[in-house]
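Structures for review follow.
Shared chain: subunit A. Partners: subunit B in the first complex, subunit C in the second.
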Partner chain A sequence: MPFPDVKLANRPLHFLYLCDCSGSMAASGKMQALNQAIRQSLPGMAAVARDNPEARVLVRAVSFADRAAWHIETPTPVDQLEWRDLQAGGITAMGAALQLVAAALQTPPMEVRALPPVLVLISDGQPTDDFAAGLEALRRVPWAQKAVRLAIALGHDADLEVLQRFIGTEPATAGRSPRRPLQAGNATSLAQYIQWASTAVVGAASMPASRVSETPLEPAAGNIPLPDLPPTVLDPTDDVGPVVW
Partner chain B sequence: MIRWVAPIGASRTGAAHRRAGRPCQDAVLCRELRGLEGQPVMVMAVADGHGGRRYRRSEVGSRLACETALAAVQGALAARSLDGGEEGWSRWLERDLPEAIQRGWLEAVAAHWQSDPGEGGFEALLYGSTLGLVVMTPRWWGHTGLGDWDLVRVEADGQARLLEEENQPTALGEATCSLCQPRAASLFARRAGLHRLDGGAADFALVLCTDGIRKSCATDGDFLTLAAWLARGDGEADPEAAGTLSAALDRISREGSGDDVTVAVGRVWSPGGGPPPAPSPSPVEPAPLAPPAPHPAEPLQAPPPPRRHRPAIGRAVAIGLALAGVGGIWLAWNWPRSPTALPPTPGSPGLRAARLEVERLCGQPAAIPLALRRRSELFVALRQGRQDPAPLKAAAAADPLAALIAADLPAEDRRDGTSPAANPAGRPAAARPHRPLRALGACPALLEALDRQWALTPAAPTP
Partner chain C sequence: MNWILPEGASLGFEGLAAPLRIVRGLGGGTQGQVYEVELEGERLALKWYLPACIARDAGLERRLAASIRATAPNDAFLWPIALLRASPASRPLIRIREESFGYLMPLRPPAYVGASEHAAGRLAIGLRQVLRACFGLADAFHALHLAGLCYKDVSLGNLFLEPCGGGILICDNDNVAVDGADHGAVLGTPGFMAPEVLLGQARPGADSDLFSLAVLLFRLLTRHDPLKGQMELAIRCLDEPARRRLCGEDPVFIFDPVDARNRPDPIEHAAALITWPIYPRPLQALFEQTFCRGMKQPSRRALTGQWTQELARTLDQCRLCPACGQENFLAAGAPALCWSCGSPLPQPITLALPRGAVLAAPDNELHPHHFDALVGEDLRRPLARVVAHPQEPRRLGLCNLSASAWSAEAADGRSWPVGPGESCSLAALIRIITPAGPIAVQRPIPPAPAA
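Up next is the complex of A and B:
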């Protein structure tokens, strides 16, 4: 009996950048460094996607300044993505960006069979709108709860407490420290973090092991285990250039 | 009365796992069992080990989940009549069976760790697995389990309907309920259901599968179409069917989710729709993790018909007690037994479960009589020869109390209508010096309560 006429398909893996485009990002070349880091990471991300054909990596991006808006609204296969430069200017509507992402992670339009999405928040400052409301909206969405959430702080003015609240608190496990926002002090370290998120993390999220879900009586056992950071990022003695931000 | 075709199943390593050199973490087990009155009962189980570093022994956990589930079903079928109330079986699917499965699974994974310890301490989490189970009897069929498995009913005309899925908001992505959760047994009820069968009902099939299949389909419509095809495939009953199924599963994983893929199919037998059920279907099951040691005093071939010429238990017990240590206990425990039954091996989860049950009962002697009274039907079935004690003892890990009762069946028990008062089973404990339960450390309160319950149990009526 011939195989039936059914459509088999790999599973979508949504990767979302949330990029701070406030005026301060124009200082010291941060905006330029972010655009360059993301653009340079795309070939590596596409290679990981090719190596994991069971996942269909789809990229989107939100920019936030005076308001939040989709920079790339349509989930775009990574091998078809052309990164348009973000422009800096305005304040930091981070809460609105979280609201925007929360709406996009509802099911529908999110597919039930999707892989846990990856959210990467990059900021150099403090939110100027109602961050708590945005975070609450995000937390209510099951897909956001299951997402791999990463945060990259650019420079010493970034609000680490806010970024920590975005990624949530995950207790230390055997051999691993609790998750913290990644702190980039220059273009090189930013590029390394972006590269790591778009390759190692995407690779891990493409082929995840299932895990025990939370129940009303038992807490969650955590989300997708993150791969290790590259040694050059972990070791402060490695030469990643001077801290300029 | 409905007849079921012996279920078939297959489990294949996912394309992504193959590429990464990982083992298949799914398991499947299909088997034909017998009810207390000899009715054929089909059982199929699928399990999906979680995989990953945190659950690094889950390929063992999934296999043990299927094995434990089958043993628990076998234990219950040996203890209760299928002709009894369906409400009771419904409760069994929701509560009693899950408890037996989780208990047996925890013991089994602990025993596996003991036999093959790894780095760090033992955690049931290492073996985390889901479990989906379908039991098909002539009068009803039922399902239970936990985790992200799917169950589809396919009608004779090919219409398919999703009957069961993990429908928890918290279970999105790769999150799922698991046997390794402390309160896992309580999570079965929401996935349990019993469906009565009407003798004139149309034929249908049941397709039970792990999540890798549904997640490989672009839409649920595609999944149902695929399930309907899988349900039809087993009816061909040709030698290539199994190979076709495996090839189909490989394709599903390769072009879909990349995950391990597992399916089991049960089907009502239609007199006009194909060959009748095979009298001795080949069960689909994983290789045993630790093959049971052959019984030292019994050949494996030429099994005697059950209950026809049971050797005297006193002789066996005497031999057993003459042997020192665990082996002696094992021999006492397992003699006599059906050669086809899987006995608890020395140090097996079954024997440990029996010991723990003895400890538990003796720790609360006041509760023993009630615990035994609740099993009064089992006492009757054993004493009247309607129940072979061997499968109960073999399934000790799943139902240790039933195993203890079976092991305590008096050798002199007879079916001649002797009054309970005169029956040797009713003799005081002191009059039965050689009892297997003594070797397990049974306290006087337990032995006396058993004696009282045997004394209250009517023997078989005189022909």
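Up next is the complex of A and C:
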């Protein structure tokens, strides 16, 4: 006879992409690379979600160019997610994107109980609107304060200072260097970072991974210990010349 | 996945006479990547470490070498077979610059699935199989602890279940070390770690294994976490500091008989409330022992041998509800209601044995430990199994799974031989004499007529 039809209680884990879709993203195939990287990362993300029954992983995405808009507005279970391609064109309304996310992380619509949300900001340039006001709005929301905030800088023109302000400054602890924006210089490293954020980081935020003694046992500045970045795997395509932006 | 080892290639390794073919990548995590490999026609698994993992864990290679020499405590472990370093000729084919190594282990058969599938309610598995898996887990840790070793990092992530038979496999055995001797790098997985380890007051060892084992058993048996009750509901954002409070600083068992602060919520934690009453009192008491007094006193936790004994007894007490067919595990004797449908359970026939008793219900088994006080509980070599008559399922018999003939005796003194593979009807018998020892067939005493 079957085991009683009961399930482990779980909590939602909100994962939000904030994607730069400004005109410069159209150059050198960056927009296509980002669309590909996210699409390719979904099966791995779904597998992590399956392996973490304590979490209900829900994905949303905001795009920002001339204005910020929901690309995926409904929190969508990752196994049901279909990634429609983002289109590049316009300027960089990053501040407005942060305002949009800040509103979404208010309770309600946010649940009373959840796992720390994961926010991933991907940009290749400078904000053209009031970034400071957007960041301030985000910082006032308790769920955004609890969120794991990651930033990926695409190419050499990304504003690292702005991305650093988004993830916040965190002092170096227990031998770990302070967190910095991830710098993706080519399509391969972009795909690796997106994969890392959508699998390893989601795993760490939903069900804690095995701990080693190097991990500070004292509560760290961050509320989720971030997993190691992916190792630099020698890419066979490097031999034929990397796609350098 | 970016595979570090090239799929499809044959690589040479130091100490291996034949090349190893990398068949395909199976998975990867923060420690390393696992591959299916072929060595001289045999399929094996290879775990290859990331340089960051090796750098963090100075004792890793030494520990693995010691485990390989010691060999597996029992066959439930996917134990390291050989430590591998790439030969100079194959070194350039490995797609990381830093020096690295890996180890060979048996390949997990496809019928075994991750235990988190059960926790998520996605696995079709029966109660009896879950109890058998729990027994297998406790038995594996019993063998490990008796060998003087400890595992250090038990969690749902390194346990695999075979849902049809309730078999188990334990992977990630690379933290195993002699208890108290080797301070490896691993501390455990939050949620399974003993409070004293989570708080940094102790290193993981056999005592903290006992805590983690009890958490894993509880999660398998209830599909719920032993520390997630009202106190978890009071937490809005379940992040690291919150987990530290819940599992380390102020851990309270949801069924603590004295401290009621962390009772399950009837809606959010329904799984725990539905499943906990299924299990007999002595089994519940081992959880209370580990999660109440043993919470802060590691030496008071239930030992592996106590778990195997009580889980084996629970299986001996299995009987089926005549109304709904669901398995019930409460002790015979006292009147009992089916946990699933509430129907009264009739008093069953009991097979009284030199050591313990087994209720007559289909698929219940008699094992050597039921006859010999000197052998430990072991479910791998049953001597007999209760079977339903093929034409009349209500008639129960006992099938002789041993290699010797039995003698079945009726109340009037007549007796029949029961050869290996044959079954005898329990309805007519009072006793079965086997080379292992006698089996007394005891019928329930009919209720006294009302005065």
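Here are some notes:
Following the convention adopted for this analysis, the second predicted complex is superposed on the first by the 211 of 245 C-alpha atoms of A that agree within 3 Å, B and C clash if a C-alpha of one lies under 4 Å from a C-alpha of the other, contacts with A are read in each partner's own complex, and residues count from 1 in each chain.
The working rule: a residue touches a chain if its C-beta (ideal position, glycine included) is under 8 Å from a C-beta of that chain, and two chains touch if they have at least 3 such contacts.
Quantities reported herein were computed from a predicted structural model and do not represent experimental measurements.
By the document's definition of touching, of the two partners only subunit C reaches A:44; subunit B does not. When the two complexes are overlaid on their common chain A, residue A:227 makes contact with subunit C while staying clear of subunit B. In the superposition on chain A, contact of A:11 is made with both subunit B and subunit C.
In the superposed pair of complexes, A:200 makes contact with subunit C only, with no contact to subunit B.
When the shared chain is aligned, subunit C comes close enough to touch A:192, but subunit B does not. Of the two partner chains placed around the shared chain by superposition, neither subunit B nor subunit C is touched by A:82.
In the superposition on chain A, the residues of subunit A touched by subunit B in one structure and by subunit C in the other are 1, 3-9, 11, 52-53, 112-116, 142-143, 146, 207-215, 217-218, 220, 223-225.
Subunit B makes touch with subunit A in their complex at residues 15-16, 20, 48, 50-55, 120, 125, 128, 130, 148, 168-178, 180-183, 186-187, 211, 214-219, 222-223, 225-226, 228-229, 232-233, 236, 244, 248, 251-252, 255-259. Per the touch definition, subunit A reaches subunit B in the complex via residues 1, 3-11, 52-55, 107, 112-116, 142-143, 145-146, 174, 207-215, 217-218, 220-221, 223-225. Considering their complex, residues 1-4, 29-31, 50-52, 56-57, 95-97, 114, 116, 118-121, 124-127, 130, 153, 155, 157, 185-191, 193, 198-200, 219, 223-225, 228, 233, 235-241, 243-244, 268-271, 274-275, 278, 320, 325-327, 340 of subunit C touch subunit A. Residues 1-9, 11, 44, 50-53, 112-116, 142-143, 146, 192, 200, 207-215, 217-220, 222-225, 227-228, 230-236 of subunit A are the ones that touch subunit C when the two sit in their complex.
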